[in-house]
Amino acid sequence: MSSAEHHHEQSIWEKYIFSVDHKVIGMQYMFTGIAMALIGGFFVYVFRMQLAFPGMSVPGFGTVNPMEYNSLVTNHGSIMIFWVAMPVLIAAFGNFLIPLMIGCDDMVFPRLNRLSYQIFLVSAIILIISFFVQGGGFGGAWTSYPPLSAKSEYNLTPWGASLWLLAVALEFVAFLIGGINFITTLMNSRAPGMKMYDIPIVCWMIVIASILFMASVGPLIAGAVMLGFDQVYSIGFFDPGKGGDPVLWQHLFWFFGHPEVYVVLLPAMGIVAEVITTFARKKLFAYKTVLFTAAATGVLSFFVWAHHQFVSGIDPRMANVFTVTTLMISVPIAEMLFVYIATLYGGSIRFTTAMLFALAFLAEFLIGGVTGIYLGASGSDIFFHDTYFVLAHFHYTFVPIAIIATFAGLYYWFPKMSGRLMNETLGKIHFWMTIIPFNFIFIPLFILGASGQHRRIYNYQNFPDLAVPELQNLRVVATVALIFMILGQIPFFYNFIVSWKKGEKADANPWKAATLEWAAPSPPPHGNFAELPNCYRGPYEYSVPGRDLDYWPQNVK
Amino acid sequence: MGLVQPIATRRSATGIPTGKLAVWWLIGSEIVIFGGVLVSYIILRHYHADWTEEAAATNVWLGGLNTFVLLTSSLFAVLAHYYMEKRNDAKKASMYLWLTVVGALTFLVVKSFEWTHEIQHGYVMTKSLFWGFYYTAAGIHGLHVIAGAVIMGIIAIQIRQGKHYNRVELIGLYWHFVDIVWIFLFPLLYIAK
Amino acid sequence: MEALLLRASSYAADVDGVIHLITLLAGFWFIVAEVVLFYFIFKFRKKNNEKAQYITGEKKEEMKWIHWPHNLIIVCDIVLVFFAIKAWYHIKQELPDPDFTVKITGQQWAWRMQHPGPDKQLDTADDIELVDELRVVVGKTYHYKLESLDVMHSFSVPVFRLKQDAIPGRTITGWFKPTRTGAFDIQCAEMCGIGHGIMGARIIIETEEEHQKWMESLSGNSVAQAL
Amino acid sequence: MSEHVDHGPGFYVKTWGILLVLFAISVIGPIAEIRWLTLITAFGVAVVKAYFVAARFMHLDIEKRYINYMFATMLLMMLLFWGGIVADIGAHRGSNWVRIAPSQVQAPGSLSQPKVNAMKVEQSDETTSEEPTIESEGH
């Protein structure tokens, strides 16, 4: 039964707004994520200008007072993690790719898929509303530690705090429902003949990420309900005066927090694996090792959460346990990166924009990974905790994940999404104008952090040791580099919008890749494949000796 | 409804039907959510020895009655699944489903009596942290009971119209899970005095 | 680290030691990985479309190239863990007996420092309480009792490499031993609301005589106040 | 569906009977007012009842094994979470820290104004003067 026969003409409303097609829902997540990234980017521009030129009237915002500074910082963090990294990496690529790459026509529960996007959209709207309520947006850091976040007489944002919490809780519900959809689809709806080790790595990674998210978000949803009751009815779950304990929230939060960063890392590693193998024309080195290290990272990520709380009042003896587990988790990640580097050995690398971004991900993420060891080891974390060193570390992991790997995925799958090719020269301009300024933002922040500058402080002039000119110059360098990086995104948006309609026509398999999604026409119609494909081999059969073509698609007999 | 079920939903590479697999995962995520509340409660209970006389005010009899009600409704749910699965008898299955919904409503009625009694005697949510946990945990569980009852009613109607026979088992699984949560809530909130 | 931030406490050298060790070990593996990465990118770029090799990575001798660095990294991690825990134990778990004890209370947007005063006993009538200023004597071991009145604060003295969060509802004890005189920053390292940025305080490390002179100058007018 | 031995409705009613008996046992504890008996029966019985409902009613005994492994992992996560924080949240004191009993937790306003430090107060005034909104000192 080919899927074309029920193709009645759908109205715009049905086709785009209330669509149940996994590709349209994937695009909805993508565009919402990119829109929220613009908001998050505007926030970072404003408060970085305040840090570099304290007290000035920031063009486009005006003078920044401490209350606004705190909510800008808090919501920059919340938006970039919950409303940009997760939707784009897990939901957008997951929705778009999983059905195509495992050779079926849609997600198992299309309406549930649409519902999860709608809940996600509501959560984004609630967050944006929280900026304009009385008292302004929530200003107690994206980790929202009580009692600051629990009592409005402390955080002075009565409405902002509760709306922020509601938005985050709704976003969790959206990704729980979405996660169930992804896991069930991958487990059950694989193409006939596609065995466990024939599934492309990006699908595996997105599903492992969904499982990690589902297992870790539970306690935080319970925590969010408790914090919500604390805010509204001041019951005292986290209020020491009433018997509660503020450190309980930290444990609830970071038990979710650390698996969360791996939830975001794994899909990015999956995208990079796809792009690298295609443009190096080489089979992924040790597919099973990548899979097992990803699972090992996932499992270990539940044992490490208190390395965020070494100096925050937990029992010092616990810190020793978590130092050991944190350094243990750096081992599978290092092995996964080594395997990716080993994949390049013996390849014939084509430097398309997608490949440039994937290679840049590997180079930049190595810095992020290595600097994490300073923070995982309890001895050095005493000094480094909550300084700009931490900030630079997690930007060297988050930016490669949420921005560099996302661009790699976008440039790689754009032909499949739109049926057109993006302009390569504009892509390369965009690449260099993103990567070079990125390093000039965060290397100075490493130095600032090492010289004792702590996070989220509104104006460093209040600290004589930090108000010295050398450090202030570093802040200016970081801000100027940020402006270059923001300007560097203009070629991308121009390229993206123009090429969607007027780009050079792309056939079904422009990159000559081997995975199943390239067997569908681009852009794939509602039912994806005219004839649902079977799968005969692994996803990365490139340059197989004795074959003239250097790629062997999974669905070709 | 215009939606044609995609082929993906009918595939079952794992041998487990997709609907059931999704319910297993849903129950998995619910375990972790209830676990979060109960672990926090157990730990703070361990810290606060003074909660025992607070807990003395909880009414074991009504709690016990609710346990009995939920256990019975679990029996009806599994019988509904039995008749649907083995005997393909939609009428009997639907009757048992409605009996389960009646069980859920009795549970909620008993709980409302219990809560109004306690609130009248001043044991409100903000009296002490024990009562905070008591109302939060039982409240979340109560919401799940309401959600289960509503869905069960819808499915009972659907199978009478001859659709979605497999959903009887799915709602049964969810209902057994809600019962298991109460099996743990009962000793924690009522018996641990 | 010394170039970036001078050391003013006895255990600053331990923390810096751990940092240098990590820089050495992790830095080595970082450079190896980056060099290998860029070398592969350069060596295996597309050359007049000769085909790539077919390496599955399942065979033993291929995986050897991964297992060896992997095992060495585990060894480096074990060394790092040992030194990190040694430094952590010395700083956070051991409590040498104090010469003085100060009580530090964080509140929304100021630090209250309660000094023992001339009789060297805390919680006695002659205690001196300063706001946003801590006066200590160089070379003496101090215990600090850290509390918070309202939200989470974090008592951090960068030059001491000292940081400890102040949790409302807990009294946390720690120690430090200043090793050089001077006036340095105290920063609040935990988001504590609108005034988090202006919660800066100063720690003034002085010699024994200066400290005595300061206390006398104060006890002159504080006696008047106490009457 | 998988053809396991064909349970009649009686099988489920029997299980239900067992569950009621177990429930009765768990209620004896509070009546007899024996504390340790109450705790053992209450939680022991709860685990056994949960096993019966899961195995027989939810047919987990005949379900694919990795579904049980998934539930076991979720429960282990909760055990891990409990183990990780019980030493911290459940304790009155630990090495170098003490929990203040809720009754003695000082309310922010309770501390007396600082006795000394007059010159510090003016000095810190002018550093914070350019921030119009925040009051300079404490509250």
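So that you can tell them apart, the chains are marked A, B, C and D in the order they are listed, and the count of residues begins at 1 in each.
Going forward, a residue touches a chain if its C-beta (ideal position, glycine included) is under 8 Å from a C-beta of that chain, and two chains touch if they have at least 3 such contacts.
Worth saying up front: this structure is predicted, and the values here are computed from it rather than measured.
K.L.:
Would you indicate which pair of chains has the most C-beta pairs in contact?
P.N.:
So the chains sharing the most C-beta contacts are A-C.
K.L.:
Counting only Cα atoms for the centres, state how far chain A is from chain C in Å.
P.N.:
Roughly 30 Å, centre to centre.
K.L.:
As a quick test, compute the distance in whole Å between the mean CA positions of chain B and chain C.
P.N.:
Roughly 49 Å separates the two chain centres.
K.L.:
Based only on mean CA positions, could you tell me how far chain B sits from chain D in angstrom?
P.N.:
It comes to 19 Å between the two C-alpha centres.
K.L.:
Mind pulling the chain D residues that touch 2 or more other chains?
P.N.:
74, 77, 81, 85, 89, 91, 95-97, 99-100, 102, 105, 107, 127, 131, 133-134
K.L.:
For chain B, give me the residues that contact two or more of the other chains.
P.N.:
Correct list: 14, 16, 25, 28, 31-32, 35-36, 39-40, 43-44, 47.
K.L.:
Would you pick out the residues of chain C that each touch at least 2 other chains?
P.N.:
Each of 92-93, 108, 150, 168-170, 172, 194-195, 198 in chain C touches at least two other chains.
K.L.:
Select the category (line, ring, star, complete, other) that matches the graph of chains linked by touching.
P.N.:
Basically it's none of the tidy shapes, so other.
K.L.:
Can you name every pair of chains that touch?
P.N.:
A-B, A-C, A-D, B-D, C-D
K.L.:
What residues on chain B touch chain D, complex-wise?
P.N.:
14-16, 24-25, 27-28, 31-32, 35-36, 38-40, 42-44, 46-47, 60, 64, 67-68, 71-72, 74-75, 77-79, 82, 85-86, 172-173, 176-177, 179-180, 183-184, 186-187, 190-193
K.L.:
Would you tell me which residues of chain D are touching chain A in their complex?
P.N.:
Of all residues in chain D, those touching chain A are 73-74, 77, 80-81, 84-85, 87-89, 91, 94-97, 99-100, 102, 105, 107, 127, 130-134.
K.L.:
Going by the contact rule at the top, pick out the chain A residues touching chain C in the complex.
P.N.:
66-67, 69-70, 74, 139-141, 145, 147-148, 154-156, 240-241, 245-247, 280-289, 310-313, 316-317, 319-320, 323-324, 327-328, 330-331, 334-335, 337-339, 341-351, 359, 362-363, 366-367, 370, 373-374, 377-380, 382-387, 447, 450-452, 454-459, 462-466, 542-545, 550
K.L.:
Name, in rising order, each residue of chain C that touches chain A in their complex.
P.N.:
Residue list for chain C touching chain A: 1, 4-5, 14-15, 18-19, 22, 26-27, 29-30, 33-34, 36-38, 40-41, 44-47, 49-58, 62-63, 65-66, 69-70, 73-74, 77, 80-81, 83-89, 91-93, 108, 150-152, 154, 156, 158-159, 161-170, 172, 184-185, 187-198, 200, 202.
K.L.:
Please name which positions on chain A make contact with chain D in the complex.
P.N.:
55, 65-67, 215-216, 218-219, 240-243, 245, 247-248, 251, 255, 302-303, 305-306, 313-318, 462
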